[in-house]
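What follows is subunit A paired twice: with subunit B in the first complex and subunit C in the second.
What follows is the complex of A and B.
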C-alpha cells in the first residue's frame, strides 16, 4: 500500500516537474474564442471563463502546490527542530517559555490567523510574491505542533544512557545536543514532515478558495478550486472538479505513506 | 551540606592508615525526590592504582554512588550531601564547567549496559572521536592512529570497517570494550566500572575482568569496580566495600572480609550466575580458598 502511494506521488511529481513538456498550453495563455469550452482534443479538461486550458493550469498549479507545500513543511520542521532542541537542552526557564509559546500558538484559530496575516498584505501583490508569502507564512506559523513532538523526543533522549555516557566523558552540552541528540531526531522530523506537508497543501487550498492564497494569474490547486464555488455549474461540468480530485489523491497518498511508515517506525 | 554529620559507627577498616594518600575520599548521603535516604553516610577511600570493589544487592545504591562521584546524579533526580574529594579537592562544590573538565579526563565511567550506552545513530568512530574531542585539542585525524592502537590493545578489530559500524552491528562484548576504550582514552586517574560484566556471558566476563586488571596495572589507574558478583570482586579487587540498606556495612581488604565472613553476609542476595565462574582461574588472585569461601558462604 505504501509503495503504491509513494509510486503515485512520484509519478505526479515527475509530471509536475516536466510541466513545460507535458502541459499542452501555457498556464496563462488565453483562447478567448474558446472560453468555457467543454473537454475536447485540444483542451482535455476544457477551458475556464477566461479561455485558459484547465489541464495546463492544473499541471502548473500542481507544481506550485506540490513543490512549495513540502518546502514550507521543511521550514516548519526545521524551526520545530531548532526550537525543540534548544528548549529541551536548555531546560528551565527556556523550556517553560517555549512550551507556553507553543500552547498559545496551538490554541489560536490557525486558519483565522493565516487569513488575518495574509489579508494584511496587499491583495494586488505580484503572483510570485503571493506564492512566496503564502508558503513562508505556512512554514513560519506551523512550527508549534511539530516542536511539541520534537521537544518530547529531545527530553527522552536526554534521559537516555548514551547521553549520560557522553556527559561522563566530559562532552560539552552543545555537542551533546548537536552530535548525540540531533541525529536521533531524524525519524521524528521525517514523520512530522510527512504529516505537515499534506496539511499545508490543504491549508493552501483553503486560502486559495478564499482568494487569499496564490494570486492570479499564477495557478495553484488552491486557487483552481475557486471555480468550484458555483456548484450548479460543477454538476453540469464535472471535469471542473479535477483539481479537487488531484488534491484528494495526493493528500490520501501522503496519509497512506505516513500511516504505514509510522507503524514501521 | 553543612548539616551533614559523619556517622561515628561507620566502619573504615584498613583505610584509615592510608587516608592521607587517598586519590578519592567519599563520604556521602543521597536522596531521590521520591525516595529519601537511598545512601546514608557512605564512607570509603580509593588509593592511587588500587582496584576497590563495591558490592551490594540490586537496588542497594551502587550505581548511585558512581553517578554521585561524577556529579551526574542531578540528571537522574538525585541530590547528594556530604563530600567527595579527588586528590584532596572537593568535587561537590565545583562548578559544572570544572566538573566537565574532570569527567573523562580524571574520572571516567564504564557504564552498565553497553548497548544502551552507545548512541544508536552514531558510528563507533564518532563515539571515540567525541570522547577524544571532549579533552584534546589536537585534530582527530592525528589521534586516530593511537586510538586504533588502544583498540587493538583491548583486543578489538581496529580497522576502518569496524570503526564504520553502528553499535547494533557489534557484539555486546565488543560494545563494552569500545566503552572501555572511550573511558581510558585520556588515561584517567580513576576508572569507575559500573557492573561492567552484567551483560556479558561467562567467558566474556572472564576475559573482561582480565582486561580490566591488565589496564589497571598498565595505566596505574585506580578502579572503582561496582558489582553484585562476589567472585569477580574477589578475583580482581584489593579492598572491598559491602553496601547494604543504603549503608556501607563493611569495608576492608578482600581477604579480611572473606575471612570474617563479611562478604558472605550478602549470601543469597547475589545473582546465582555469579557463582558459575567460581572454579575458573580468574578467581586466582586470592586463590582457590577465597573463591571456595565465597561459594561456601553463598549456599
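What follows is the complex of A and C.
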C-alpha cells in the first residue's frame, strides 16, 4: 500500500515537473471567445470565466503546490531539528524558553496565526512574491509541532548508553550533538516531514479559498478551489471539482504512506 | 507524591500543578500580547499620521504631532502602554469596521463561541458513539467504512467541508462538527484500540467476557486521561475551524471578522483577537490538565 501511494505521488510529481511539455496551453493564456467552455478536445477540463484552460492551470497550479508545500515542510522540519537539538542539548533555561515558545505557538490556532502574520505583509504583492510569502510563512510558523517531538527524541537519545559512553570518553557536547544525536534523529525528521507536507497542502488550500494565498494569475491548487464557492454550478459542471479531486488524491497518498509506514515500523 | 501505575513516573501534586499551569497561562497571554504589540509596531506604515500631510498646519504644529507619536517609537515603551490599555479593557479602534474592537468582539464573540461549542459537542458525541459502536460490533467491514470516511474527510480542506455544509443546508455548528469529527474519531479509535489490546482485556475476552461493561470499565475509563487531553486540543481546532466556516457561510462571528480584517490589514482587530484566542485555548488546556490531574487523584 505504501509503495503504491509513493508510486502515485512520484508519477504525479513527474507529470507536474514536465508541465511545460504536458500542459496544452499556458496558465495565463486567455481564450476570450471560449470563456466558460465545457470540456472538449481543445480544452479537456473546459475553461474558466476568463477563458483560461482549466487543465493547464491544474497542472501548473499542482507544480506550485506540490513543489513548494514539501519545501515549506522541509524548512519547518529543519527549524524544528535546530531548535529541538539546541534546546535538548543545552537544557536548563534554554529548554524552558523553547518549550514556552512552543506552547505559545501551539496555543494559537494555526489559521489565526497565519492570517495575522499574512496581514502584516503587503496583500497586493506580485504573484511570484505571494507564492514565496505564503509558503515561507507556512515553513516559518510550522516549526512548533515537529520541534516538540524532536526535543523528546533528543532527550531520549541523550539518556542512551552510546551517548553516556561518548561522554565518558570526553567527547565535547557539540560533537555529541552533531555526531551522536543528529544522525539518529533522521527517522523522526522524516516522519515529521511526511506529516507536515500534506498539512501544508491543506492549509494552502484553505488560505487560497479565503483569498489569502497565492495571488492571481499564478495558479495553485488553493486558489483554483475558489471556483468551488458556487457549489450549485459545480454540481452542474462536475469537472470544475478537478483541483479538489487532485488535492484529495495527493493528500490521501501522503496519509497512506504515513499510516502504512507506521504499521510497518 | 503519587506515581503513575503504568509508567511509574511521579505525578505532581494537584495544587502545585494547577499553580504552575496558571502561571504558564499568564505567561502565554503576556507573550502573545508582546508578540501582537511587536507585530503592530513593526508593521509598514506604523506611526504615520495623516495630519502631517495637512498643508494648513505650521511647522511647529507638525513637530508637535511628530513628538506626540515619537513615544511609540520604542517597542518596549509602546508595549507598556498597549498592555496597560489592554488591562483596562481598551482594545483600540478597528480600521476596516470603524468601530471599537471591544464593541465588535462583544457583538460577535457569543455567536462564535456558541457555534464552536455546539460543533465540538456534536463531534465528540458522534465520535464517542461511533467508537463505542465500532468496538462493540467488531466488524471489519464497518471498521473499514469508518476509516475510509474519516480518512476522506481529513483529506478535505476545512473550507471545502464548510462549503459542503452550506450547500447541504446545515448550519455553521454542523460544519465545525464535520471538520472535527474525523480527527477526534481517529484519535479516539487509536487510544481505545491500544487500551483494548492490553493483556488483561485480551484475557477477559478469551474467557468469554465482553460487551459494554468490559468496554466501559477496562477500555474507555482508563483512556479518559488521554481523551481529556484531546478535549483541550480540540477547542483550539474548533476555534481554528470557525474562520473558513464563518467566512464562507457568511456568519457574522469572530471568524468572519478575522477574515475581513486580514483582507483589510486591520491589525488592531487581528492582534486583539489573537490574544483572546490564545487566552481561550490556553484556558481550555489548563482545564483539561486540571481534569486529568483530578482523574489521577481519584484513581
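Please note the rule applied: the second predicted complex is superposed on the first by the 265 of 265 C-alpha atoms of A that agree within 3 Å, B and C clash if a C-alpha of one lies under 4 Å from a C-alpha of the other, contacts with A are read in each partner's own complex, and residues count from 1 in each chain.
Just so we're on the same page, a residue touches a chain if its C-beta (ideal position, glycine included) is under 8 Å from a C-beta of that chain, and two chains touch if they have at least 3 such contacts.
Since the model is a prediction, treat every value here as computed from it, not as a measurement.
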Assess the superposed three-chain arrangement around subunit A: do subunit B and subunit C clash, or do they fit?
-> fit
Could you tell me if A:183 is touching subunit B, subunit C, both of them or neither one (first, second, both, neither)?
-> first
Partner chain(s) touched by A:202 [first = subunit B, second = subunit C, both, neither] = second
Could you say whether A:247 touches subunit B, subunit C, both of them, or neither, answering first, second, both or neither?
-> second
For subunit A as apex, the angle formed with subunit B and subunit C - C-alpha centres, to the nearest 10 degrees = 90
Across subunit A, the partner (subunit B or subunit C) reaching more residues is C
Partner chain in contact with A:33 - subunit B first, subunit C second, else both or neither = neither
Identify the partner contact of A:1: answer first if only subunit B is touched, second if only subunit C is, both if each is, neither if none is.
-> neither
Rounded to the nearest angstrom, what is the minimum C-alpha distance from subunit B to subunit C in the superposition?
-> 10
Could you tell me which stretches of subunit A are touched by subunit B in one complex and by subunit C in the other?
-> none
Which subunit A residues qualify as touching subunit C in the complex?
-> 100-101, 103-104, 106-113, 115-120, 122-123, 198, 202, 205-206, 209-212, 225, 228-229, 231-232, 235, 244, 247-248, 251-252, 255
Taking the complex as given, what residues does subunit C use to touch subunit A?
-> 24, 27-28, 31-32, 35-36, 39, 42-44, 151-152, 154-160, 163-164, 166-167, 236-237, 239-240, 243-244, 247-248, 258-259, 261-263, 265-267, 270-271, 273-274, 277-278, 281-282, 285
Which of the residues in subunit B end up touching subunit A in this complex?
-> 67, 70, 72, 75-76, 100-105, 108-109, 111, 113, 116-122, 126, 130-131, 133-135, 179, 182-183
Mind pulling up the subunit A residues that touch subunit B in the complex?
-> 158-162, 164-172, 175, 179-180, 183-184, 186
